[in-house]
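Consider the two complexes below, in which chain A is the common component and chain B and chain C are the respective partners.
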Partner chain A sequence: MTTAIRPESLPPMAITWDSTRVNKTGSWRYLRPVYRDKTPPCHAGCPTTNEIERVLYWVALGDLDRAWEILTAENPFPAITGRVCHHPCESRCNRGRFDEAVGIREVERFLGDWALRAGKRVEPLVPKKSNKRVAVVGGGPAGLACAYHLARLGHAATVFEANPEPGGVLRYGIPNYRLPKSVLKAELHKLKDLDVEIRTNARVGQDVSWDELQRQYDAIFVATGVWKSLPLRVPGEDLKGVLSGLQFLKALHQGQGQPLSEELGERVVVVGGGNTAMDVARTALRLGKRVVIAYRRTRAEMPAIPEEIEEALAEGAELIERVSPTKILGEDGRVVGIELQKMRLGEPDESGRRRPVPIEGSEFVLEADTVITAIGEAPDFAGLPEELHDEWVVPVDEWGRVLRQKVFAGGDVIDQPHTVVDALASGKRAAIAIDLFLKGKLDRKEADEIRRRIELPQGGLSMRRYVEDPGALLLDNTRIVEYEQLNPAYFQKIARTPPQERPPEARVRDFSEVKPGFDWDEALREAERCLHCGVCNGCDNCFVFCPDLAVTRNAGADGRGYPYAINYDYCKGCGICVQECPRAVLELVREGSGEGG
Partner chain B sequence: MAKKVLMGNHAVSYGARLSRVEVIAAYPITPQTQVVEELAEMCAWGDLNAKFIKVESEHSAMAACIGASATGARAFTATSSQGLLLMHEMLHWAAGARLPIVMANINRALAPPWSIWSEQTDSLAQRDTGWLQFYCESNQEVLDTTIQAFKISERVLLPAMIILDAFFLSHTYEPVEVPAQEAVDEFLPPYKPPLKLDVDDPHAFGALVGPDGYYEFRYNIQKAFEEAQRAIIEVGEEFGERFGRAYGLVEPFYVDDAEVVLVTSSTITSTARAVIKERRARGERVGLLKIRVFRPFPFEAVREMLLGVPKVAVIDRNLSLGHHGIFHAELKSALYGQRNAPAVFGFVAGLGGRDVTPRTIHQILDIVGSQEEPDRDVYWIGLKAKAEEGQPAGNGRKQRQRVKA
Partner chain C sequence: MTVTNSNGNADSATATITRAVPRVKTLKELAAQEEREKRFQGGHSLCAGCSIPVMVRSVLNTIDIPVVVVNATGCLEVATTRYPTTAWNVPWLHVAFENAAAAASGVEVAFRVLKRKGRTAQELGFELPGEVRVVVFGGDGGTYDIGLQALSGALERGHRFTYICYDNEAYMNTGNQRSGATPPLAHTTTTPVGRESLGKLQQRKDLTEIAVAHHVPYVAQASISHWQDLVRKVEAALRADGPSFLNVLAPCQRGWGYEPCLTVEIARLAVETRFWPLYEVVEGEYRLNALPKKPKPVSEWLKTQKRFAHLLKPENRHLLDELQLQVDREWEKLLRRCEGRVLEV
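Coming up: the complex of A and B.
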C-alpha cells in the first residue's frame, strides 16, 4: 500500500475513498432519543379536553378551518365558551410561569366567531347512521352537547326542553352583555345541521312522561340543571322586593325588563359572590340601579370568575365583604332595607376557603328597595323517577351513567362544578358512554381499554382520541408537561395581548357586549405566544443541532406523523436533540428497554 | 477607483467586500470589532451578498469558516489577541485541510496583565499553524493585501492571515485608494475548489491517515509554502500592473550601500523610514528592510538583501519568552552559516503598545553604530529600570563593566 501513496498522487486533503455511511455509528448508542408528544397542561386542564395547543398552532399558521375542526371535535360551541368559560386552561398555562398565560379564551372566541361568519357546518364524525334513538332531557349546555356529540357519532337525538327556547342557562341565565342571544342562536344552529330534534315547551313529567321516554328511546340523558334558588332563611324573605337571582335573570331574558325595572326601585342589594350574583349585579347596573353586593367572605374567596368581579366593580357595583344577612326589613309588605351582620374568617372549611364566623352585635342596616339573592341553586327533580336522585344530585358512575341502566346524566344535576364547560364535558362523556352502551361495549372490559386511551390526566375524555385510529395517536395522554421540563432559552418574553374593552361608563348604559373580541392580527399574535408544551411544532432544533445529521425532515409529514425522523443507523444517542428540544417532545430511553420502538 | 479616508479596520472590510467573500463568521473583540461591524452592515444593506454567521466564540468562528470553505465558499473572519489564541486548534485544521480562508488579525498584546494595545506576539505565536502571514504597514497595504491574499491562498490552498497593528493601524484613518469592483473581479475570479463537500457524493474530510501517508501530506503542505513564495511575488506584481501598487515578500529602503540595515515590520517601518531619511540626509549609510511576509519566511529574499551588509538591527514588537524577539530569531536562522553574513543585533521594543518613536530608533542606530558586534542576545530598548540595571545608551559592554567594577 505504501507505494501507492506518493506526494503527487495525494488530494489536497485526506478524504475517504467512499462514503462514511458504511460506518454505522448508531451501534455505539446505549440511549435512544424518541419523539413522544405529551399532554400540555391546558389540554389536560380543559374539562372538554380542547386540543388547545393544536388549535393555537393552526390559528398561528392562519389555517382556521383546521383549527376549527379540531376544536369542534371536543367543544360544540367555541363562540359561547370563548365568551363565558372560566378558562381553567389559562390558569394551567405554562407560559404563565414564563411571562403571562396565553389568552386562550379570546382566541377561542375569535375562532368561534369566525366560523359563524364563515357559515361553517359541522359534519358527522362517523359516516354511518345508527338506527338508535336517544332522548335528551334538558336543553342546556350539557344536553345540547350530548345531543351534538351523539349526532356526530351517528345516533338520532331528541332534546326535550321545558322552556320556549333551548339553551338553558345560556339563554335564561347569562346576560346579553356576556353572551349575545344572536351568538347563542347561531351556535345552536349546529344542532339543526346535525338533524337533532329539539322539542321546546316539553317538560318531562308534564308534557311528556318518563315512562314514554323509557319505552321509546334506547337511552336517556338527563341534564335538567339547577333552577331553584336556595333561600336565605332569614325573616322578611317573603316581602315584596325580595327576588331570587335566577328568577330575576329569567324574567329579564323573557323580555320583562322594563316592568321589572320599575318594580326594583333605586337601591338593589345582591346577596352572594358567585357568577349568578355578578350577572345579577351587572344587569341591575344596566337597568340604572345603585347596586351593593354583600358577600360573607372576602373578594379573594368569591367563586365568581375574577374578571366578572373586576368588571362589576369597574361598572360601579359596591362590594361589602364579610357580611351575612340576618333580617330583611319591610314597611307595608315591601322591602326597605336589609340587616347585615359582620363576619370574621375562621378556620378553612372542606372547600379550603376560610369559614365565615359571625361577630355578635355587629349588625347594621343597609337601606334597600330590592334584595336579590344568589347564594346557590338546587335542582328541581319534578318529573324524574325517585330512584334516579338523592336530595341534591343524580349520582352517576365514571361514565356519567345512573344505576347501570340506560339512563345517563350530566350538567349541574350531577356532582360536579356548576360551570358551562363542565356541563359541556359531561354531555360529551355521556355521548361516548351512550355510544359504547348502544354498541354493547360499555359493560365489557373493552370500555376500560378505550377509557385509558381517551382519558386525559384530569379526567376529561377526548372525542378525537375516541374516533381516531389508535395507531395515529402521537400524544401520550398519561403525562403532563410541566414548566420545568421546557427549555425556555428558546422563548422570548412577549406580553399578553389585552382584549379591547368598552369603557365601563359606556357599557353600563346598554346590554351590548363588553368586549368586541380579537381581530385577525390580535388572534394571530396571541396564538403565536403558545409554547406548544410537549407537542412537536416543527421548530427544527433537533434537525439543526444533531451533530451526526441523523435527524432528517420527514417529507411525508401530513400533520399526523412527526415532521422529523431519526436515522438510528447513525444516531449515537448523544442526547443533544433532547437537550435542545424546547418543549420536551424528545426524550431518551434506554436502548433495549423496549420503549420507543 | 476612488479615494476614501478609511480606518485600518474598515480597509479590511472593504478589501473583503471587494473580494466578494461569501461567508463571514466572526466574534467581536477589541480592537477588531469594526472589521466585522462594517461587514455586517454591508451584508444588511445588500452591498455584500454573504452569509454572516454570528458565533459564540472564535473557535466556532474558525470552525464555521472551515465548514464554509470546505463547501467551496470564499470564507473570511477577523480576530485579535485572545481570540486568535482560542482559534489555535482550528488554525491547524484549516491549514491541514488546505482551505484558503482569509483572516485579519489585529495585533494586540496578550493577557495578563490585560492590554488592548499593539504587540505582535499573538500572531507570531501561530507561526507553526500553517498559515501565510502578511504584516501590513499602512491602511492601503491592508486593503490591497486582503484582495491579494485570496488570490494567493486559493492558488496554493493555504489559509492567510493579514496582520495589522492595534490602533496604530486599526483605528487610524488614512486616505486609501479603493479599487473599482470590476477591476477586482478581473484580478480575482471566483474560487474554484479542487475538492469540496458534496452531499451527493459524501466523503469524510480530514480522514484518518496512518504513518504510511501522513508524512507525505505534510511534505505537500511544505511544498505549497514554497509555491506560496512564488505566488506572492507574482500576484504582488500583477496587482502592481493592474492597480499601480506592487508588493513583494520584503521591501528594501536605501539598502544597497548601507552599512547598517534596520529590519522592521508593520507600522514601526514607517517611523524607521523617517529616521533613515534623516540620517541619510546627514550622509550616514543606513538603510531599512521591511519584512512583509513572515510565513513563508522569505529566506532567499532576506539573504539577497542582507548578505554583505556589515550590521543588521532587528526591531521586534514581540517576544518569544525565554528566547528572542521572533523576527530576530528567524532572521538569524536565515543568515546563519552564510558567507558575508552580517552581525545581527536584536532589539525588543514597544511591547504592550508602548510608542516606538524616532528617538527610540535613533537610540537603536546609536547602539549599533558604536559597536562592531552585539554584546548581548537581546537589547531592551526603553526599559524603565533602576539606573544600574538600565539599558546603556552607548557602548553597553563598557558601561556594564563599569558597574561591575
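Coming up: the complex of A and C.
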C-alpha cells in the first residue's frame, strides 16, 4: 500500500496490510498450462513451407519489410507464385471450415509486388562466403530457387540455361496475362543481387559438357524440366496443323505470335485438362480463335487450377467433357477435324480419379483447323549421363540427391507434381542438401537430426528453421492444428475479399494481366482474416481470463520469445487459458511429467 | 454508440442488429491498466477455475479513477481477505452479509459530505481524490436473498454507486446450498437429487427485473464470457448519475459440477442457449445485447453440468421440455420489452 493513510486517524476496524501474494497457490496445481506453437495447416500444406501465418501477421500490422523477409526466406519469388501458384495453402486453410479460406495467394502477390516497387534487395542469410562452386543445370523455377538459396547460404552458383533467357516454364510456358514478363524479369533480378551467374544459350551436352561440370564444380543440381509433349498416339498426328501445347506457347513467347496466328485458322481444338491446356486455350482465344477444350474426364477431375478453368470458360472457351481423340482428320495434309469418342467414368485409378472407359460406337467428328495437344509432358534427358535417369524421371533420395554422388536434382525431372511451387521447393531442398554435403554432414547422423528439426509434417523443408538457432524455434513442427482444435467463439464471420479482375470480354482482346492485384486496404483486410492457427499472436485471452493473475505480459520472460509467461507460483492449473486460447497454442500437461519445462 | 429500432418489431428474425462497436476498452487497454495499477492480486484462495476473479479484474481494470470496493460476505470476500493478507490493492470494506449496499451508501455519502465541507488533507490525514467510484461486489446469496433489503433501500435512495452481483446460483462459499438464484431443478446440497427429489422445486427469482422496478438509471445482465459486453456495461454503469446494478453470471466449477477449464465456455453457452440473456435497461428502455444467430437448446448448457445430470435421463424428458418452454417464454417476454432494440459489441 502506498497511500498515506494513518491508521490512527480512522475509526477502529480490522485492517490488513499484507498481500495474498505470500500464498503460493501454485502448489495446488496438478496440471500445467504451457505455450507451444504448432504448425498451421497452410504452412505444412505449402510445398515450399512459406510461413504464411507469420507473413499475414506482419502484413496485418503493416510491417511489410518483416513479412517480406520471412516470406523470401522460403520462397524467392512471391510476385510470381502470388500469380501462378495453385495455392494448396488455401485448400488447407482452417478458415475454410469457418467461412471462406483466407485469400493467401493474393496477399502474397501484393507483398511481392510491393517489394518490387520498393526495390527491396535480398541479402545472404549467412555472412561468410564458402568459396564452393555449384553448377545449376536448367534456369527454370527449380534451378533458380536452388541458386538463390545456395547463394544465400554463401555458395557461388552458376546457372546453365539452354534458352536465350532464364525462367524456364515461367518465361516460355505461362502466358503474359497470368505472369507479365516485366514481373518475371524484376523477380529474377534477385539472383543478380546475390551474384548468381546465369549463362544463357548454354545447353549441357552441347555448349558445355557434363564432364566439364563434374570437373569444375563441387556439386551439380539438375533441373532441366519436361519439354517434350506426349503424343496422342492416334492416326493423323503428323498432319499440318497438329501442334504440341508447349511448342505453341514457346513459339508465342519467342515473339512469333502473328505468323502463328495466321497458321492456326479459325477453329482450335485443345486436347487435355491441365494448366498447359488452359494456357493454350486462353492464348488461342486472345489470338481471336474459336476454342474447344476436349477432356476425357469431367471438369471436376481436371488437373488445372480451378480458377484457370473458370476464367477460360468465362472468356468463351467451350469445354467438351468425357471425350478422347481417336483420329485426326485431314485434307491435303492439313487438319480439317478431329474424331472424338465418348467416355464414361469407371473405377478410380491409382490417382484416385475415376478412369475413363471408352463407349464403343460413340465416335463423332468436330471440325477444326488446328489441334493442339496438351495431355502431358516428358523430360528430355539429352546431354545428361545415362546412369542419372530412367525412362521418365531422375530418381532421387529424400534429400533430392542422385546416386549418392555430388549430383542433386529437382523440378519436373524428378518424381513430384509438375507445379511451380513444387519446383521451388525441390530447389530449396537441394540447396539445403548441397550445403550439408559441402560441409561433409550429409552422410552423417547429424543430417537426420537436422531434418527432424526443419521438416514439416507434409515433407517441406524450412529454410528459416535450417538457419535459425534451434533453441529459438518455438513452432512444434510435428503437429498440425486442425479446425476442431480451435475455439471459434472468438472469430467473426468476414467474407473473403474478392480480387478485382478485368471483364472477360475486355481481357480476351489482349495479353495484359487479368487481375490488377490487391491494393493496401484489400491486402490488410485479407491478412486480418487469418486465424493464426496454432501460433500465438498476442490476443491477450489467456491474460484476461486467468483467475489467478498468473499470466504475465512480460514479453520473452520465459526466454523463448512468447508474448506471455505463466507465473507458476500462482497458477492453479485450472486450464481456462487453454480452453479459451482461440488457436490451440496453450496446452495442459501433467505436472511433474517433465514436459513443457 | 448506435441503437436501432426496427418498427418496434420484437420478432428476433426481423430485429435490426447494430454491430457498430461502441468505443469500449480493448483487451490491450485493460491489460495496460492492470500493469499500471494492480488493484487485485493473485495468491487468493478462490478455487481453481473460479469465474469471480475474472470478473473482478475486468471491472476494476475498466475504471480509470480511484475506486472503493465494498464486499458482501461470500466466496470473494472470504477467499481474498484471509487475515492477515488481502488480494485488494484498493480501499476495501466488508461489514456483514446483509448490508453491503447500506455500507456502500455510507461510503458514497461520506465522500460527498467530506467534499462539500472542503476537508483538507491536513484534517483528514489523507488527500481526498476529486472523484471516486463506489463498487459493491456481492454473491447471489448476499444479493438475491440476505442483502436484498439493503440493496432495495440503496437503489431507492438514489446513491451514485454500482452494485455488481456475481451470480453463481447458490451459496457456494458454505458448500452449495440453494439460494433465490438457483435455477429450478438444479441439484444443491439442500435440494439434493434422489428418489424423493428432483432438485430445486421452486422458481428462480428475477433479480435483474427487481432492480429495474426501482427505476434506476442503469440495470444490466452480463456474463463473464462476454468480456467486451461486460466492460461496456461497467462503463455505462459508472457513467449513470445514480444507482446502477449489474447481474453477472459467474459459473462455479465446484457447485455446478464441471471441469475447471470450462468456466468461460459454460458462461458462453448460457448466453447462446438464451438461459442467461444479455440485456440492459437504460433509463427504463430495454436493449438486447446478444442475439444468438443459431440459438442452441437449453439442454446444450445443462448437459455440461452435473447439477442437471438427472434432467438428461429419458424419464425426466418432460422436465427438460418444461425448462425449455420456460426459457423460450422468458426470451419472448424480453424480446417484447426490447421492441427490436439490439446493441451488440
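Simple rule for what comes next: the second predicted complex is superposed on the first by the 574 of 597 C-alpha atoms of A that agree within 3 Å, B and C clash if a C-alpha of one lies under 4 Å from a C-alpha of the other, contacts with A are read in each partner's own complex, and residues count from 1 in each chain.
Keep in mind that, in the parts below, contacts are C-beta pairs under 8 Å (C-beta built on N, C-alpha and C of every residue); 3 or more make two chains touch, one makes a residue touch a chain.
For clarity, every value in this text was computed on a predicted model and none was experimentally measured.
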First (chain B), second (chain C), both or neither touched by A:495: neither
Contacts of A:25 with chain B and chain C, given as first, second, both or neither: second
Broader residue contact with chain A after superposition on the shared chain, chain B or chain C: C
Which of chain B and chain C A:12 touches, first, second, both or neither: first
Chain B and chain C contact sites that coincide on chain A, given as residue numbers: 1, 5-6, 14, 16-21
Parts of chain B lying in touch with chain A, wherever the complex brings them together: 96-98, 157, 194-195, 201-209, 212-213, 216-217, 219-220, 223
Chain A-facing residues of chain C, complex: 27-28, 30-31, 35, 38, 40-54, 57-58, 80-87, 89, 124-127, 225, 227, 253, 259-265, 268
Residues of chain A touching chain C in the complex: 1, 3-6, 9, 14, 16-25, 28-29, 489, 539-541, 543-550, 553, 567, 570, 572-576, 578-580, 588
Interfacial residue positions of chain A with respect to chain B in the complex: 1-2, 5-7, 10-21
